[in-house]
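My questions will all concern the structure given below.
As written, the chains take the letters A, B and C, and residue 1 is the first residue of each chain.
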Amino acid sequence: MSTITPPTTSPLGAAVADDRLEPRDPHRLFPGDRRTRDIARGLYERVATAPIVSPHGHVPAEWIARDIPFTDPTALLVSHDHYVTRLLHASGLDLDELGVGGHPVDPRAAWRLFAERQAVFAGTATGYWIDEELRNVLDIDVALSAETADAVYDRIQAKLDTPAFRPRALFERFGIEVLATTDDPLDDLRFHGEIAASGLPGRVLPTFRPDRYLDPDSPEFATDIARLLASEGQETSFRGYLTALEARRAHFIRHGATSADHGIEDPATVDLTGDEAARLFQLAVSGRADAAERQVFRGHMLLQMARMSVDDGLVMTVHAGVVRNHSTATFRRFGADTGHDFPRRTDFVRGLRPLLERFGLEKSFHLVLFAVDETVYSREIAPMASFYPSVYIGAPWWFLDAPDAMARFRSAVTESAGFSRGSGFIDDTRAFLSIPARHDTARRVDASFLARLVSEGRLTEAAAGAVIDDIAGPQPRRVFKL
Amino acid sequence: MSTITPPTTSPLGAAVADDRLEPRDPHRLFPGDRRTRDIARGLYERVATAPIVSPHGHVPAEWIARDIPFTDPTALLVSHDHYVTRLLHASGLDLDELGVGGHPVDPRAAWRLFAERQAVFAGTATGYWIDEELRNVLDIDVALSAETADAVYDRIQAKLDTPAFRPRALFERFGIEVLATTDDPLDDLRFHGEIAASGLPGRVLPTFRPDRYLDPDSPEFATDIARLLASEGQETSFRGYLTALEARRAHFIRHGATSADHGIEDPATVDLTGDEAARLFQLAVSGRADAAERQVFRGHMLLQMARMSVDDGLVMTVHAGVVRNHSTATFRRFGADTGHDFPRRTDFVRGLRPLLERFGLEKSFHLVLFAVDETVYSREIAPMASFYPSVYIGAPWWFLDAPDAMARFRSAVTESAGFSRGSGFIDDTRAFLSIPARHDTARRVDASFLARLVSEGRLTEAAAGAVIDDIAGPQPRRVFKL
Amino acid sequence: MSTITPPTTSPLGAAVADDRLEPRDPHRLFPGDRRTRDIARGLYERVATAPIVSPHGHVPAEWIARDIPFTDPTALLVSHDHYVTRLLHASGLDLDELGVGGHPVDPRAAWRLFAERQAVFAGTATGYWIDEELRNVLDIDVALSAETADAVYDRIQAKLDTPAFRPRALFERFGIEVLATTDDPLDDLRFHGEIAASGLPGRVLPTFRPDRYLDPDSPEFATDIARLLASEGQETSFRGYLTALEARRAHFIRHGATSADHGIEDPATVDLTGDEAARLFQLAVSGRADAAERQVFRGHMLLQMARMSVDDGLVMTVHAGVVRNHSTATFRRFGADTGHDFPRRTDFVRGLRPLLERFGLEKSFHLVLFAVDETVYSREIAPMASFYPSVYIGAPWWFLDAPDAMARFRSAVTESAGFSRGSGFIDDTRAFLSIPARHDTARRVDASFLARLVSEGRLTEAAAGAVIDDIAGPQPRRVFKL
């Protein structure tokens, strides 16, 4: 391992000395004017060390169950983080140079590419997470650059080789109270069982994510349905299909699941008679449904998922509005989730109406709506959540999970829906090391927003304190039935 | 009546003592940094006590004409305010527990529910109005909560029982110069006549609101048209229909009306030949028009309303983009305007083009556009209003009638349209007690926005002063021809 | 020439004395709180005097080639600036009173109308440019008003009559390094040749703008195509048509062009087989294509333009989302570009997908996207530009080329795309005198945005400095291949 403090006479040494980082600003993300900033700091300090409640995310349960070490800095921070790789790709790198999609790569060579292009992350949320992870989790005290790339790589690798940087130790260090994973309905969930039996000081819960079994446009739809039916010994009928889905949900609930997640392009729902639904099901599984029929079936199945949530109590989360795999050439070569999923407009008000006509007034039903189309915040989601007892406002998601976007979100929803209709912060991440930074960011942004309301005489400091206390823990526990 | 200062040894007393409110912050809603804040305060003080010009709203004329006392705090502040009841409903209460839709309720029991759930209003515009009403109008000096619910109720009830809290006394105390109501075209407007004859120090004007007579999708369309034609002795022909509408507009103008208001879901207009319009009219009144024909007819009638405004001078206001009565079960049980009207996207540029092709260049025609879809501010409304002499930018409406949303509005429209193309503030409310707070809020937000322009060197303080002086009175008087 | 300091005893004198302007605030457009403001000033000063790189705009090359004097203040600042004339038109003036569309007008009379209605520009970007031009370029030190109209007119006229205020002298005084014009594909570009040969200390480059030759809905489409084919000796075939376009592009490249610009209403692209494209071409030129066919053809030609850019290296800029000539009566009387072009919604993600499927991963292809629909910034453009190496984020355009809109833009795109994916500032103007003010504004707004990131601990001051240094020059040179 090289040292990060080489003699300052070498070129690298000079670079490292120049790049020595100043201490982290304790007021980061707070407003500029001193008065509001002081209020923000006071509010933030109430929740700065509160346990992390993460009711939706993508960390694999196997990591925690088997305490699988992170192999190297590149695998940890680059190859699997499509926020990172997409910007490097835009800057002119090929995804295979970064090890995306399992393409073999020399991790140190990929790390150097990452290090020398740090400028592309300036001002981005990703740049902020990286900075927080390097400093706060990995104790790196120099700026990452072409000059420091190797030294930083070695320092991180040395950390990863110690027990303190294996997933279970970090889980405890991060103060995670609940961490939800996202799982295929046919998953046996044995890793969740192992974790529950392991004495980990925190819960790891599965989440039911049935998209591929609900959408006839999914590439393996017929095969997936056949597997689903077989897994529960059901015949190829709409009734058997619903029964199998219900049984898999029950399996998830037995393993601690409290929510089911739905990732869809268009939040459109359709109410059908049983006969019509059965007819479309047969067309869909036989591959004979046309585009309109597939769309109707998909919309009906979203409504059926709400019906099942009303019946079995799983919180229903909807992530809507993403056009997946925009670049077919990239998808073919590197697979899904490789940085070319882009948002589109959505219409929650008219799209969800059939679902809400049926189940919107059910008080035990929790429907959490996540958007990547900011225009729906003040126009659709906040108004709906401030009437329907079942509708909750999902935290800013994906491209919007960033300080300015979070601030715009709070401004857009609070004046009509207040704070009580929110989901609490959702990190929705596979980047395990970024979890503390993400929750910390949300707390700082909420503190800043509340501080402004206090500064503007719209909320007392005591009321603002009660709000932030609630958002940081009780709210997500309540909304996600934890 | 209980007192609100019980001995501090009782639990209630302690609660009340703790909840004693600090004095209202005179800088509320102003920016945080001292320099801009001081400029904002100076601008605000120019207009803080200017008379209230309210050219569009929903206070019933009968209240003023007959000086009908407010019966109790719940009727005054809860049951009829769907901003309040929708958030309480979302929190898990049933609307009948709050007396919505005329459902009988023990007002004190409903008030307690309202009081104990004050936290849902934290940060909302509604919470701000309630706070302002309780403090500034009703002289309540403790925070409303479960503990203070009864004491506050009794204190308000005692106020309501005095002459000083009857509508006409409040009208005078509030300094209202003009208050417009919203009325059915067949209304005889006798209450407006009574008010005009009564010596009230201010004007109460009717507003012509013909939606139900223009839209074949309106539930009682055929019956309504029959009543309209009968009222003016017209035959069932398109010509007779137009004549009857013109006659009712003339009736309104004779009673002081200066504007006609149109609440529509889609701001689409259609220009038709007389024959085609006559044909669609016959289909519509006979119930034989299909959905497309009903849509075309509706779009044509909006254009006809513009034509009549050009002829008779009534200002045309358009409130577009709301999907009404989203929850059918709620509508059946509690009626309209019960908190489940939600915005949708709108297209003013292409929708209004046929209307503006016909009348957009008419200088005496005033068309004021109100939106609940924020995306149209910089994209559609500001650009159109900065070319067409007839188009005015309506103040932020409904879910957007709140400090942050107002600030976003000013930022979105001012850089292309300036201040001269605005409508002035519109409270659009039935909550009579909130009128001063709403106008005060608009003045504070405008002062803050202007102060920022001054602070940023984009406007002199003198110019900013001239702008706020204009917005607070001359502008709405000019736009609404008062 | 009248003097602008008449004796203060006359009414006019008093007015002028009152209107004497205070010195320009050196902190204009910076944030209000002192700490952030000081950082902003430091960042701004790094680039305040950097040369102007203007890779897209509408100044006629003839002005520079022939050094044509500006005739009078009205022609210079009023008649040809549709930002100015549209607001005056909205205020009730007729466009012919302002000399729009070549209508003859007494320039002094028009100037007086402009001067007396300065209030309509308060708070607008146009008002800010006018102020900057009058003070910084024309040395006017009194506020323009009815009272000062004549004096200011005379003072400006006197300036315009001097050599220092002719285009080439101003070009040099403004420090313009590169200025791109926008030109018809059949232009012989002789003015560009003359300029290149003239020793001007800066480059003036043509830009290929082929809209009228690509869109069958263009009024003279068949005639234009015939002229295009004839110019290059091609037959009326799709192949000949493509060859002619390619030849004209080569002609532009020989005259220094580095980009081709496309102004379209809908950013929809279509991939077609050669046979199908050839069939649609024949329908289109013969006037027999229906609306759907015209739309498909137009969408295909946008894709063909990308293909040609990949082949010949011209940067492709797309300005999308404008409904042109909304008021037919105005268009007939005054022509195009007279203030009634209005934005509409756009869909870049789905619209550009066929084009990006073909060419999005080409690293030498530069596609710069400009929007007037703000909703696409965080939803579409930033995500696409942070994956595709070919996609760049165009600077805020048209109605959005203003301080607040620029700040919203930076906030909307930076957190996902950073700074490296931007185009640099684009003035896109025909108002020659406003060019320094526009670039200065962009630099101030960027400095303010970056200063906030520094103040919030999201970027070091050194990193912010590197960003602003890059944005002000290297970035546009790189993106536009200058």
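As a working rule, a contact is a pair of C-beta atoms (placed from the backbone, for glycine too) under 8 Å apart; a residue touches a chain by one contact, two chains touch by 3 or more.
To keep track of the chains, here are their UniProt names: A, B, C = Uronate isomerase.
What you are looking at is a predicted structure, and each value in this text was computed from that prediction instead of being measured.
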Based on which chains are in contact, what kind of graph results: line, ring, star, complete or other? complete
Can you check whether chain A (Uronate isomerase) and chain B (Uronate isomerase) touch via the same residue numbers (shared by over half) or via different ones? different
Using CA atom averages as chain centres, what separation in Å is found between chain A (Uronate isomerase) and chain B (Uronate isomerase)? 39
Listed in rising order, chain A (Uronate isomerase) residues that touch 2 or more other chains are 32-33, 345, 375
Chain B (Uronate isomerase) touches which residues of chain C (Uronate isomerase) in the complex? 22, 24-25, 27-34, 86-87, 89-92, 119-125, 127-128, 323, 326-330, 339-340, 342-345, 372-375, 399-400, 402-405, 408
Partner chain B (Uronate isomerase), residues of chain A (Uronate isomerase) touching it in the complex: 31-33, 35-36, 345, 347, 349-350, 353, 356-357, 360-361, 363, 375, 378-380, 382-389, 391, 411-412, 414-421, 450, 452-453, 455-460, 463, 466-467
